[in-house]
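Chain naming follows the written order as A, B and C, and within any one chain the residues start at number 1.
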Amino acid sequence: MDGSVRLDEVVMRFGDFTAIEKTSLAIGSGEFFSFLGPSGCGKTTLLNIVSGFLTPSEGQVFIGDEPMAGVPVNRRPTAMIFQNLALFPLMTVYENIEFGLEVRGVDKRKRREVSERLLALVALEGSGPKRVTELSGGQKQRVAIARALAVEPRVLLLDEPLSALDLKLRQHMRTELKAIQRKTGITFIYITHDQGEALNMSDRVAVMSAGRIQQVADPMTLYREPATGFVASFVGENNRLQARVTDSEGERVRLDAGALGELAGRAGRETRLTNGQAAALFLRPEHLRPVAADAAGPRLEAEIEAVHFEGAWMMLETRLVASGEKLRVQLGHEVSRGHAGAFAIGQRMTFGFDPADAVVLPDDGSPMVDEETGEVVDGDRTKAGGTHV
Amino acid sequence: MSSQRFLAFGLRFYVVIFFAYLFLPLIIMAAATFNDSRFPTVTPWDGTTLRWFGELAADRGMWQALGNSLIVAAGVLVVAVPIGIATALFLNTVTSRAKPFLYALILSPLLTPGVIIGISTLIFWRQFGVSGGIFLTVLGQATFIAAYVMLMVTARLQRFDRTMERAALDLGASQWQMFRRILLPYLKPALYSAAVIAFLQSFENYNTTLFVVGYDTTLTVYIASKVRTGLTPAVNALGLTLILITVLFAVVYELKRRREAAQLVKGV
Amino acid sequence: MFRQLQARFGGPLAMAIVTLLGIWLIVMVTLPQLQMIEYSLKPNLLPAQIGGPDDRFTLANYATLFDNDIHRTIFFKTIWSSVLVTLLTLAVSYPLAWYLAKVATPRQAALCILLLIVPFWINEILRTYSWFIILAFRGPLNEVLMMLGLIERPIRFLSGNGGVMVGMVYAYILFMVFPVYNAIESLDDNQVRAARDLGAGTVRTHRRIVIPHAKPGIATGCIMTFMLAAGSYAVPALLGSPGSRWFTQIIYNWFFEGGNWNQGAAYAFLLLVLCIGFMSLVMKVFKVGLGDIGR
């Protein structure tokens, strides 16, 4: 059962608007693959193209090497879990799960066997005769999974299925989804704007923005080696400092950051930098640490504006003295313990970092992304950068 | 402040008067049934009797008219309900610049006086040699009753979550299976309501029926002719019987509808 | 349009939908109306004359209305009385709609609505007939009035327009109460409270806040009531006398007593034009569209 999915130069246009720029991508059979991006980035459109609800304007979709052109939704070897689950409210749990088999003409005894087996898989034994309206949010979620699995899809498409659940349940369902995927060996294509979900569950993640895939990589690489400024600021938290390349030699890059003076960093993987080029230095808050004012290596002097103590770690909101830019600093337990009583608002501190942790990427003018909502926040940049993101 | 209170009291008093105005005529008509008088009245009271019910039961014309009414109503259901559903599905699906025009056309039978629907139906079918009778009565009534059905189906269809359709197709259902197993069951309560309303509209229709009924008689036409000609309290007996049946019907229907609405609220 | 239907329901079902809709709108709604108009423009001919030299379009049937004093009077009386019925119904319904929407508790409102609906499940003829009994010369209304000493001898309620209008208000009240009620109900309570707080009295609150908000409902109610009143046959036939005839009765006579369908068609079309005219006028005055009427 080959559940590989291949997009071959797929383009999707709605009138004048291009929702998906030319995209090619191969997803392996049995892979847990996520599309991560802010709302409106085109990820749902891509999912609808794979499922067959939309026909791409250009290009082809292959599932298990079979071209899907002309294959309608109800003939594709895919099954979808909808954002609102779309369980059939007038049917029992049994009827919901067996619906796909019923319309295929599978006889009743066989259907019941399948649904019992799936109810066991999703830990809902004995709930078959219930109406779906009697179930809790998490139980509905499981029924939706069982219903999709009942038709033995080669590819399961999940459209932000956890977004309606509360936080605790959401985290629990992550583990369960991953376990179900491992048990069934079906290809999962997962759509989300929640990077936690994507990084947590996926084998690989495609980060999308404005109809284009920015980077495809495993979660760790995505975090450590962002390929574009968008990925660097969308995945995990990042401070971004504007600078100009003065000297690049292999990985090591020297930068002139204007008022901040000279800084050093590491060129992003597969990034070519030339001297004099505008660049952005990405510093993760957890890679900054307090240093003596005259310590060796790159230093940043900042004034503390707010302190958020979180127990295991603390987050400082600071402002760079030289440039007035914001800088977020996360200090681990072992660091903050040595500075008891310090970190008062208004206090000036010097922070240092290891240039190997600071990724330098060409300044593509990519938009800043709000951590909480995943929305693009910097309007001007979006406009200026929109053309070549 | 006291003027406010006076107004509030006035409003309540008005509501009581209003409902008295609504029910008194029906009560008087019902009461007249039991008056042992040759004319349908409550004044003077000539003694209490049940004989008008017997007289009614013996009236063969009435039974004949009742039978016709039931046949017409059944015919209207068969014609108007499918048309109403189809129209609602059409309006729910299609987006087009012609839609406002079509919508006006679809609503027009509701805004046209019933007599005109009857007249135009009668005239139109004359060229095919069809004259007034049960067939034309069915067509004439269905013309506007279909629009009522459409409104009721549309009201429910607008609350339908179309992701259900997508889910059904995604699970392998054909479009027909989706319609049969998902959409139609969802519409079922509205279809029952629409059928009840359509039946009643047909059963009590007079203005349209009058022009297309020809030499046949429906119960409403029969009652009207009785009122104008041989008036006896037997008409009241018939009225009372119909009132009791309809009230029973109405209360059951209303309660059922409310229970469903309550369940809907609970379910969501 | 068909493509959208086909995409959603598949070919056969889309076909069925379009066929049913087509039959209804073309064969049942449009063509009969057009045929009626064509009829109204032709003279009343014997079968042998059809297709002959006399079979041509003429406005003669419409001219009849203006030549015939009685018919013309009845036509205008029908308009005037229907307007009056509409206004009366609105006046009677508005306080009740207000009570149901904003004053009554939800339980009271639910009960009242049930009570409102029940009588209207009952045949229009029977409801009208009950007024026939009440208003009769020797009926209970006259008896009560005489008992109270308000009148000395019974009044002939059933010989003028009064009886007809009372019967019509009664018959069509629900078509006014419900649209107005629905419209008032959607008004935010806080708006009324704010108006009161700002010192507006009852009349001003209604005139400035409630009525403007309820306009679509009032317009719908007025259109429906006028249409039903002007097009009513049952009520004037039962509660009227030969002296208080309604325009619909004249139309009926052309068809089934005069035997002149062409003349009847012309009158029927005039009635239709009258209703459309009234509807357009109301929609213009109240600035509402057709979309608001679909309840």
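Here is the rule we go by: a contact is a pair of C-beta atoms (placed from the backbone, for glycine too) under 8 Å apart; a residue touches a chain by one contact, two chains touch by 3 or more.
From a predicted model like this one, the values you see are computed outputs, not experimental measurements.
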Graph distance between chain A and chain C, where chains that touch are linked: 2
Between A-B and B-C, the pair joined by more C-beta contacts: B-C
Chain whose Cα centroid lies nearest the overall Cα centroid: B
Distance between chain centroids, defined by C-alpha means - chain A, chain C (Å): 61
Centre-to-centre distance between chain C and chain B (centres being mean Cα positions), rounded to whole Å: 16
Whole-Å gap between the CA centroids of chain A and chain B: 57
Multi-partner residues of chain B (at least 2 other chains): 174
Residues of chain B that touch chain A when the two form their complex: 161, 163-164, 166-174, 177, 181-182, 185-186, 267
Chain B contact footprint on chain A (complex, rising order): 51, 53, 72-75, 78-80, 82, 84, 86-90, 99-100, 102-104, 133, 147-148, 150-151
List of chain C residues in touch with chain B within their complex: 1, 4-5, 8-10, 12-13, 16-18, 20-21, 23-25, 28-33, 35-36, 39, 92, 95-96, 98-99, 103, 110, 112, 114-119, 121-127, 129-134, 136, 138-140, 143, 170, 173, 202, 223-224, 227-228, 230-234, 237-238, 248, 251-252, 255, 261, 264-265, 268, 271-272, 275-276, 279, 290-291, 293-295
Chain C-touching residues of chain B, taken from the complex the two chains share: 4, 7-8, 11-12, 14-15, 18-19, 21-26, 28-29, 32, 40-43, 82-83, 86-87, 89-90, 93-96, 98, 100, 102-109, 111-117, 119-124, 126-127, 139, 142-143, 146, 151, 154, 165, 174-176, 179, 200, 203-204, 206-207, 210-211, 220, 223-224, 227-228, 235-236, 239, 242-243, 246-247, 249-251, 254, 258
